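Across the two complexes that follow, chain A remains constant while its partner is chain B and subsequently chain C.
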Partner chain A sequence: MIQPIIKIENISKTFISKERKKLFRAKKRKIEALKNVDLEIYDGEIFGLLGPNGAGKTTLIKCLTTLLLPSSGTAWINGYNLQKHENLVRASIGCMLMGERGLYWKLTGRENLDYFGALYHVPKKIRRKKIEELIELLKLRDFIDRTVETYSSGQKMILAFAKSLINEAPILFLDEPTVTMDVHAARELRSIVKGLNENGHTIVYTTHLMHEADELCDRVAIIDKGEIIALGTPAELKSSIEHEDVVNVEGTIPPNVVDNIRALPGIREAIVKSEGNGKTKLGILCENSRMMLPKIIEVMTANNAQIEYINPQDITLEDVFIAKTGRALSIDTREVVKKRKIGGQSSR
Partner chain B sequence: MSVESKEYTICKGFGTTELNVRQSISTFIDMSKKTIVEFSRYPIAFVAMFAQIFLMILMFMFAAMMFMSSSEPSSNMVPLVGVMIYGFIINMFLSFIIWEIGFSLREEQFRGTLESLYLSPANKISNLVSRIFAILIWTSLMCILAVVIVSYILGGLPAENLLVALGILFFTISGCLGIGLVFAAVTLKLKETAALLVNFLQFFFMIFCAMFFPFSALPDVVRNNISRYIPVSYCVDAFRSVLIGLPEGYPELMPLNIEILIVIAFGIITPIVGYFLYKRIEKIVKIDGSLGEY
Partner chain C sequence: MMKMNEQKHKDLGLCKMSASSNLNIITTVLKARFKIISRYKGALLFEFFIPIVFAALPIMLGTAIAGGSANAAVNFQNNTAYAGNPGTMDYKLYMLIGASTFMTVMLMLWLVGYWIRREQETGTLEPLYLSPAKKIYVVSGVTLYALIRASITFFVSFFLGSLIFGVNPFQGNILLAILFLFIGLIPLWGISFLFGALILKIKEANSLIQMMQWIVAFFMGVYFPITVFPPFLRYIAMAFPPTWMNNGVRASLLNLSYFFGTWYADLAMIFVFGAIVPLLGYYVFLQTERRMKRNEGVGQF
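And then the complex of A and B:
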């Protein structure tokens, strides 16, 4: 039987935030960042946590890495209870949470790795060997002996990644590790993550990049407003909305067009994925894209929309997110359309 | 079903092994080494900080000389300079400890390295102490050098009862560490505001613990209602009194044996209070999520 290396039981986290009203007045507001999260992550899997900014991904990771105390619930990491065995939990995990922050800028890359190795009580001899291994693996040789202040963002990120590997922990938490990397470096990091997983590391990977999750993760949990709204392998999640097709449209699209498209029979949802420079990207979920394509074009042209690109496409994890929440997922996720029910069915 | 520890434990990685004393000491040394390396990357600040110590000592020494008439024998001036210099030494230890702990904690918060530290199984108190360990050694060397220089200029500075003085200094430093931990806890929660507090505290102790002048210089109302209630006052009084050879009128606040008892209590109780307060605030910031806020 595959055992859960991470078991989360009913974790909730509520923050009290202060909204400044006047000079000395503030109004307290409760924010439920996590709501009764239950999850099991198995030994040896790459587990993806997907969701827009503010969904609760980082809060969950911070709870699991002992940086935050949950308001209720508990978890076991590598067999150790989160609240009872804090230090053993910490020793069982390697983390890359703050991106390029979390490094000493006046120390060289090597000194940083050595210092963090010491914090994890890695014996000196092993530490030296491990640092050399990491230099080779992550191609750090060119800049490892320079102070971190001289690094580019990408170099800082890769050093932060190396830092998370210094204690050879069985579990790795990687929070948006590719966020400031160029395409090539990100691709290389993903292949290293895969390699680490093949060597037995369990990896918890948070991202808002659907293609990354699709490429890497064995299983994925989609988190939104502090709740897990979907859980399964990428294939399972996609097949859960397989009866739907997706049509992507780009062009100059007046706002009323979206509502008119939604009103068409056979359309399940129409979402503005992004807007800017007068261009709009639209994602349309429908029952049969071939049948709906002429009708969509007809509505758009009748409303003076200029279509620059239209394409029925395969279902992605982003479409799963749209189908579950009625919202698009992007770096700066905004609720661009209100979730609505079509044909008496909830889009969730 | 809950996962009950052992049967589910998959022990991989270095940190899951039991930590022995040797490894703990080695980690502490590595932490201190890192502080020194970081200091060495700011050479001008490093040199300026210690040059400043000598300039301050000279300033106080010349100020003391100003009040001496030329007809008076210089031997009268020596105890007064001793009062100043030895008070200054306590001031240096206290200031460096509270400033260094609070400031470096704030800096770690700002850089994001505090969260990295909290992700590791390293002892957090040990880490705080390591930040000042190196600077304490350096400060001690500077103090010795300063005393030698002043002694040379004046043609001799009293340095009696050295062992007792060192004992008093040991408990004083331990007590200051306790204050440092309290201050670290405050910094963890209040962040930037704590820097203002440390400035205030430095001057507060400087004045009300009569660090650069005898307690007799303070008005009675201040000495009896404020100074006597601050344990650091007894550290200052006992330390300098024994070093200048317990002349008449010294110690000024209490008989020496009582002062020493107060200093020992201060050196034992304050770190314990500081530790528990730090742990308490640490829990609070982990609940409200402000540990990594900057």
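And then the complex of A and C:
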């Protein structure tokens, strides 16, 4: 029987957040970031945690990596209890959580790796050898001896990834590792992750890119509003809504069209996947796309929509998310990014 | 069903926890701090001049008010003499010692307090907390760095200041003064934990540091002996370990009185502070850290 290397029992996390009202006034509000999460992650698998920004993925990872104390519940990582053996839990994991922010910008890449290697109790000689190994594996040679402040975003991300491998931990937590990488670098990183997994590492991988999860993960959990709403292999999740078809439509689509399509009998869900430059992408879940297609076109033309592209397609993990939540993941993520920009948050 | 805690653990990869790996954490953190500061060379250089400027202000003010150096020296001796203590005419060295020890105290507090704040802001505090390194070793590396930097600043600015003000730094019992300085740094180590905990809690520490700077200068008697305080304030000042360090260094170099009359009694008192304050400081630091982890986490700033 395969043993769970991570076992999560009923973890909940509640934050007290302050809602700013006026200059000196703030209203305290309880936020339930995680609600009774139960989960088992097996030894040797790549496990994907999917969900929009703010769903609770990072909070769960922070609890599992001892950065946050759960409000209730517990977990075992590599057989060590989260609350009782904090240090052994930390020694069992390699983490890439804050992306490029978790590096010392005034130190070189090599100095950063040496520093974190020491913090992970990697003996000096072995550390030096391991750093050379990582330089070769991740092709860091060209910039490893420059201070990190001179790196591009992609180089910082790859160094942060190298940092997570310095202790060769049995479990790796990778939080959106490809987020600032170009397509080529992201593909390479995914292939390295696969290689690490083949060498026996268990990998917990969070992403909001469904194709990435589809390509990499043995099993995925979709998390939304602090709860796990779906769990299984990508194939299982997709087959769970296989009795439904997906139709993608692109064009100039007036807002009322979505509601009108949703009102058609046989339509399970209609969602705006993306908008921009006057163009809208619609995702429609229905029982039988061949039967529904003429009716969809009829409603759209009756409402003055201009269809540029329409096709029934294979079910993706994004469709699973839509089916489970009634929302599109891409829209959720974009809204969060937009709000952040308006709020003017800066990381440094 | 097999319980999780009965399950075998996979080995921890390259992580080999031992006494020597803990020691290696301290030295690596220490080296990293020096590498980082070496990339801001100007900051190091200007630091040496701060105590000299601090000392120059009261020296010039005193000289101007008394109407010349000789009058200022006599005035100062009259005002620092009390109950069997002859006082000193060497008011320039007196101010320079005060300013240099004050700078040492402030550097210890600043470097540790600001270290936590900077790590928070740059996002490197969370990776520290993710690692299996015990915080005591990481913080020891940082405080050791603060200690070395503060000591270098003390000696450089003290001797450079002596040259500028034309005073003889090689008088009195120099070895005893150094002993007072180093033993006095131990309780400071503990205070820096308390200070670090406070910064972890309140986060934006600039105003706190500004205010602390003047309170510390006032109570440790940077420019005057604390015997000029009314009894109530004097007891408060004496509850603050740097006051003892400052007085010990001055008494050793300028042949002034120790608080308890003998050097060893004063040194014993600093030892007592040194045994209690770091433990208290570390306990408060751990409690604050735990409280942070219960809510927003240590990395939020």
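One rule holds for everything that comes next: the second predicted complex is superposed on the first by the 330 of 348 C-alpha atoms of A that agree within 3 Å, B and C clash if a C-alpha of one lies under 4 Å from a C-alpha of the other, contacts with A are read in each partner's own complex, and residues count from 1 in each chain.
Here is the rule we go by: a contact is a pair of C-beta atoms (placed from the backbone, for glycine too) under 8 Å apart; a residue touches a chain by one contact, two chains touch by 3 or more.
A quick note: this is a predicted structure, and the numbers were derived from the prediction, not measured.
Engineer: Putting chain B and chain C on the same copy of chain A, do they fit or clash?
Structural biologist: With chain A as the common anchor, chain B and chain C collide in the superposed model.
Engineer: In the superposed arrangement, does A:139 touch chain B (first), chain C (second), both or neither?
Structural biologist: So A:139 meets neither chain B nor chain C here.
Engineer: Let me test your reading of the model: by the given contact rule, A:163 touches which partner, first (chain B), second (chain C), both or neither?
Structural biologist: both
Engineer: Please indicate which partner A:29 is in contact with in the superposed arrangement: first for chain B, second for chain C, both, or neither.
Structural biologist: neither
Engineer: Once the complexes are superposed, what residues of chain A are shared between the chain B interface and the chain C interface?
Structural biologist: Comparing the two interfaces on chain A, one with chain B and one with chain C, the shared residues are 3-5, 7, 15-16, 43, 62, 65-69, 71, 76, 78-81, 87-88, 90-95, 97-98, 101-107, 111, 114-116, 118-124, 126, 147, 163, 167-170.
Engineer: In their complex, what parts of chain B are in touch with chain A?
Structural biologist: Checking each residue of chain B against chain A gives 2-3, 5-17, 19, 23-24, 26-27, 30-31, 34, 37-38, 41-42, 111-113, 115-122, 127, 283, 286-289, 291-292.
Engineer: In the complex formed with chain A, which residues of chain C make contact?
Structural biologist: Against chain A, the touching part of chain C is residues 2, 4-5, 7-18, 21-22, 24-25, 28-29, 32, 35-36, 39-40, 121-124, 126-134, 138, 290, 293-299.
Engineer: Which of the residues in chain A end up touching chain B in this complex?
Structural biologist: 3-5, 7, 9, 15-16, 43, 59, 62, 65-69, 71, 76, 78-81, 85, 87-88, 90-95, 97-98, 101-107, 111, 114-116, 118-124, 126, 147, 163, 167-170, 200
Engineer: Please output the residues of chain A touching chain C within their complex, sorted ascending.
Structural biologist: 3-5, 7, 15-16, 43, 62, 65-69, 71, 76, 78-81, 87-88, 90-95, 97-98, 101-107, 111, 114-124, 126-127, 130, 147, 163, 166-170, 347-348
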